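Note that the chains are named A, B and C in the order they appear, and that numbering of residues resets to 1 at the start of each chain.
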Amino acid sequence: MVPLSYYLVLSGILFACGVTGFLIKRNIITIFMSIELMLNGVNLSFVAFAAQWHALSGQVFVFFVMVVAAAESAVGLAIIIAVYRTRGTLNVDQVDLLKL
Amino acid sequence: MLHLIVFSVFGLVCVAGAINLLVQRHPINSALSLVVVMGSLAVEYLLLGAEFVAAVQVIVYAGAIMVLFVFVIMLLNAGVEDRTKGSRVAMLFGIPGVLIGSVLVAWVLLQHSGTGSVAVGALPGPPKVIGWLLFHDFLLPFEVTSVLVLIAIMGAVVLASHPAEMQQSAQPDEREG
Amino acid sequence: MTAVAYTVWLERKVVGHIQNRWGPTRVGPFGLLQPLADGIKFIFKEDLLPPHVFKPLFIAAPMIALIFALTSISVIPIGNWVTVFGIHTPLEITDVNIGLLIVLGVTSLGVYGVALAGWSSNSKYSLLGGLRASAQMVSYEISLGLSLVGVLILAGSFSLRDIVDAQGGTFWGFIPRWNIFQGQIVAFFIYLMAAYAETNRVPFDLPEAETELVAGYHTEYSAMKFAMFFMAEYANMITVACLATLLFLGGWHGPHRFGPPFVQAILPIFWFVLKVFAFLFLYIWVRGTLPRFRYDQLMAFGWKFLLPLAIANLVITALIVALRA
């Protein structure tokens, strides 16, 4: 019997790590991975609450979050490849001009 | 008791993986630690009884999305990242801020959340029941996400194709017009 | 693991005979001790660690490949319930509700072993070979999964034991009620093709072909690490064969039980092993006979032919089951 707040704290820590990574990292792929980390933290929250309130719709929603994450990472990675081809760098600090 | 031990072990693995993602300088190490995080999250889902969600997490998230990330890192030959001025400022103010914020939130959650305990396998989520829910109560979101995935596929194919092909296909139209 | 070693022996003999030559014959009778000799050779070979590789991943990649290959065998049941000394045990390591999903998940994770091996070797042949191999494996995973859904609809459960139990009995007394005869012949064909591509075997073995790309993703590996990749490949083959037997060929069901009770308890295992052996033989037969696909033909086959076929199979099966009920 683990208190639910433990699961929520774990989810919060994962989300906080994701936000930190999003803000301090300069490589665009690592920034993307921090977004995935945030989504995973939220998924854990969903499943934990679903277990507490005995509502399976929590687990179904996790399913949708995963599908959206998959679609978003596919398009995002394609954009990253396109950016790399035109700008030649993966550092977000150097991609700051509209003109090439 | 065993529940608490397994939860703590895999919770620690999750947190260690997340911190490793932040600390590592080469993106491939970050990607692999993210895979570890996802794997241990799948175990946490199993502890809560969500077996189908855990399996889908491993198959889709750790087995397909992260493979995509690893591909892109290998293709683009992303090297070790360098420190820039912006990130120094963010690190100096941000990391203590995030630490204080999370400690505060964790303390509030642990003391005052007003939620009870969950047992092992508290809400079993067999594929049959989840499938029923997906096709009956959540049919509209299901169909909408399938359209979303279709759009994502088309977008990714268009974005990742070589620019030269696009120009070649544009030229005959110009000549005819 | 012993099965893996002897599968290698089986393959070398069969391919040898197909190519009109004897396979290994010198070591032991019929060359049966050849795997042992190969194993000893691998242990004694110099374990090179080239200086330009990315060490942690270089050492970890073959272990990852082998660990995942061996893990998927743990959910595979090989026989019916057996009562040994009064203890009623099922013949598998664990019986999980979602056994089939676990096998699929572990197969998806096996891609990492190949991709990381190609990347960490820091050489262009390995990188290209690794990328090609992992792209191929990921593409055919989809058709593999979809072909299995037809079986799932017929059986109604993800547990491997339930799927086999749904195939007991016979039609009209002598045609067994295997899934392959219950209308999943197309699914079996798709599964066969996808399995050949997943395990990187001919005709889809471009990533590790000896005449292309030096040796693909395991160019830089020697001795024990190379042996681990080798073992992982054969272990994958055996897993896929076991899965095909369970899902399409009826698992451990055979014709009438005969013999004393002791033999009757062991008989299902015998049928299971026989069917797995037949499937492996098919694998090796195809390897000795067919030429290999070019990479773009391979990808076109997977995406433009197998995937629509798998979806069509799924839709038709679902329609038939819905109309029958």
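Worth a mention:
The rule is simple: a contact is a pair of C-beta atoms (placed from the backbone, for glycine too) under 8 Å apart; a residue touches a chain by one contact, two chains touch by 3 or more.
Note that the structure is a prediction, hence the values are computed from the model and not measured.
Contacts between chains trace an open chain of neighbours here, each touching only the next in line. Relative to the C-alpha centre of chain C, the farthest chain centre belongs to A.
Rounded to whole angstrom units, the spacing between the C-alpha centres of chain B and chain C is 29. Annotation: 5 Å between the Cα-based centres of chain A and chain B. We define each chain's centre as the mean of its Cα atoms; on that basis chain A and chain C are separated by 34 Å.
For chain B, residues touching at least two other chains, in rising order: 52, 56, 64, 75. Chain C has no residue in contact with two or more other chains.
Chain A has no residue in contact with two or more other chains.
Those residues of chain C that touch chain B in the shared complex are 57, 97-98, 101-102, 104-105, 107-109, 111-112, 115-116, 118-119, 127, 130-131, 134-135, 138, 141, 156-158.
The part of chain B that touches chain C in the complex is made up of residues 28, 32, 35, 51-52, 55-56, 58-59, 62-64, 67, 70-71, 74-75, 126-128.
Interface of chain B with chain A (complex): residues 3-4, 7, 11, 14-15, 18-19, 21-22, 27, 30-31, 34, 37-38, 41, 44-45, 47-50, 52-53, 56-57, 60-61, 64-65, 68-69, 72-73, 75-76, 78, 81-84, 86-87, 90-91, 94-95, 98, 101-102, 105-106, 109-110, 113, 115-119, 122-123, 125, 129-130, 133-134, 137-138, 141, 145, 148-149, 151-153, 155-156, 159-160, 163.
Residue ranges of chain A in contact with chain B, taken from their complex: 1-10, 12-14, 16-21, 23-27, 29-30, 32-34, 36-37, 40, 43-44, 47-48, 50-52, 54-60, 62-64, 66-75, 77-82, 84-85, 90-91, 93.
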